[in-house]
């Protein structure tokens, strides 16, 4: 009996290690988590394709089957996680640990996702809720080099936050200036496009980001001269943050090398 | 009486510290200035939305009320500033100090803004004057890390001003070359779009900044080949200043570290 | 007779050195290889132009003649390579060396290209197969500074692969978010453009890469506000990888200098 | 008489110093050259505006007058340069020096420009010849910090020429690949837009440079997926050269500092 208990506990521990990335001793994802990543991605693609009516009508049953399969897989995973969660803190009481997990943010989030996947009436239009299943990938991605890269990038961005904020302020100022100028010059000629500053702002954003849909553009000579100046300023709007980020990333690498030199 | 005077002087000093960022001992903005920033931003949003006729007709009274409220708040602030300005130079005569402030650039600017906000006949169409209230934010932003970021960015830009100027000259040269080429090739075929160099220049600017509205584009094979070359050159027009700024910002950071190492 | 054999072997060796860049003692390409590069480029331009029906009908014979000429030149080159390949490993048996070369990947690839060029019924529509002749340029480009530049660039990109991958993930996340938002807001108003997430994704990609064809754009106020946010995020999508690459290239140069200092 | 000769020679020397930037002892441009820069710029603006028929008919006489004035100013300058050129090499024979100057590239170029400006029948359509007068600015710009900036920028670009060339090759490869793919997928559906690889190439260039006029874009699902991949690759096309240039400029600054440290 003790031997059976021991074997049972061993199985539970290895299942826990398969499910929980932080409990793993080896590098990389476990086979189970790789499978769950795949399932989550298939689920996301299904959600995206399902919104297309032509595909929905043609493959309704396939989509339904995929959803049910994903729901069942997630449900099995949830049950296994509840069962194995006591491995996280071996000294705590098993029922308390399990209830704590179920009513934790992660547990409730998982339950919500399972319910939204399995109950047909919920899934009707809740596209975003189902896309939110992608957030589960973050839990799996917590470890490894990708998260190290995230930390180094966000540190670099954070260290230059005031420079980036300033660029944003300058950009907003230029947007307002350009939009007001075009509102004056072309407001009366193209009232549906430049008849108010909010309307002109749409033009200013689409121009300064160099997107240029072509739904709105100046037609007078003065308007075109002002738009040209805004367009050139738009280059600066792209060049400034890019330059700031490049310098920040470069600095982060240098600092990193410096740290290594000290060790 | 002396005690009352003293208390009165204390109040004046603390009001001054609330209004004037440079007189503050603690970091960050005072509650009063935070409130004034909020009021200024609400004012800017109101001005922008007011130009939209559909909103103006629907919410005319609300807009009017906001404007009057902002005008009153600014008027109260102005009176308090006039009253407390003698704290700036305690040894100068109080009347002289106050008159000097009223007739200073800042004082006249504030008065103009209050008048343009409160007098309905002035505000009729003076959108820009009212947007100029945003300039008041600069006075509040004079301190702190944002202004430090501004100094470091503008120093970096200034140190590379000849490189950036040269890029601008090269860009203008390329614009002229491209516009002249298209004027020759497509001037006769699309006279309203490429019939003169000024018209072609509009196309050249919108192409080299990679905006590409789509109102003007070449339709002949030769024109398309030339436009393709201009388009690739446009990539350089974006890459050059971005690279220059990146190097300048990177250099500024290095220099800063060097300075720190010396201290 | 021995003298004739010797002379014959000398010719073969010098032909081999003309054909094989790695067997050359001097810097740069041999005259033969320069000629073959030119022939390959002429071939590529011919393939591209041939797809244009107006040119094909007008210059069918010219195109045919060029193809046959290129096929013959490549055939002669192939025969010479088979003849001289024994110079690569002088000690191996000559027949074995030659058969090995013919049935190697390079040999079969060359044969395929010659056949696809000379046999008219094969060339009918196989545009890509004929453009694949450009791949032969890689064999010639294996040496020299261009390949050194390729190694240094790909090393720099490789060293930041997790940062770049992360940027790609963030971009895909933003694309999904933006597309879903527009699908909600404008799906009912412009069903052919935003009626499903896949349709919205086309808009999101073309907007975040700042291309902006103008075939799809939001027309409601809420849609335009969301699109503006996506547009600004698109600037980040360009600025992040550019900054990462700039820092990586800068770091690679520094490391290179460091290596030189050590030697 | 000797005194008069002396005075005459003094005048000639100071006129020469006014005209020739390299002969000047003080920093910056002489008043004469500043005036000539202004005249040249006015001339360029006149040429550009003159091509616009509406302006040409309204201001024909003004344009004519400006042209004649510019021609006369340039003629006077030319005569003065011929007169003072013997100051360049005081020991050479004066007639030989002057003839040498007239028949030098600079001299012939100046003469051509004067003739093209003054002779009405020449100027009829020679827009480019007249815009070429801008090239004369280069002679004046030979000195100073702008030319130093040009040298430092072109050295940085030159030092990374193989990396930039490689990026260009990769870009051309991607353009061909994308254009061929769209030619296959949409050639039959939009024959006027993707019916041949040259036509598809126009789309590929305008897409990869993120211009996106909107005159050509895919309409099938497969075409849109391929176009999305090309669009993302287009980001790389901008990010790669920008990153290379940023690193090169950064490296140039570092090297410059190193040189200063050594001195």
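Letters are used for the chains, namely A, B, C and D, taken in the order the chains are written, and counting of residues starts over at 1 for each.
Here is the rule we use: a residue touches a chain if its C-beta (ideal position, glycine included) is under 8 Å from a C-beta of that chain, and two chains touch if they have at least 3 such contacts.
On a predicted model such as this, the values are computed, not experimentally measured, just so you know.
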Exercise. If we define chain centres by averaging CA atoms, which chain lands farthest from chain C? Would you check?
Key: B
Quiz item: Could the interface between the copies chain C and chain D be described as same, meaning over half of its residue numbers are common to both, or is it different?
Solution: different
Quiz item: When the centre of a chain is set as the mean of its C-alpha atoms, what distance in Å lies between chain A and chain D?
Solution: 46
Quiz item: So what's the Cα centroid distance for chain B and chain D, whole Å?
Solution: 32
Self-check item: Two or more partner chains touched - positions in chain D
Solution: 198, 201, 210-214, 238, 242-244, 246-248, 250, 254
Quiz item: If you look only at chain B, which of its residues touch chain D in the complex?
Solution: 162-163, 165-167, 169, 173, 176, 180, 183-184, 195-199, 201, 207, 210-214, 217, 221, 224, 228, 231-232, 234-236, 238-240, 242-244, 246-248, 250-251, 254
Quiz prompt | Residue ranges of chain A in contact with chain C within the complex | solution = 44, 47-49, 51-53, 127-128, 131, 134, 145-146, 148-150, 152-153, 198, 201-202, 205-206, 209-215, 237-238, 241-246, 248-250, 252-254
Quiz item: Of all residues in chain D, which touch chain A in the complex?
Solution: 210-214, 242-243, 246, 250
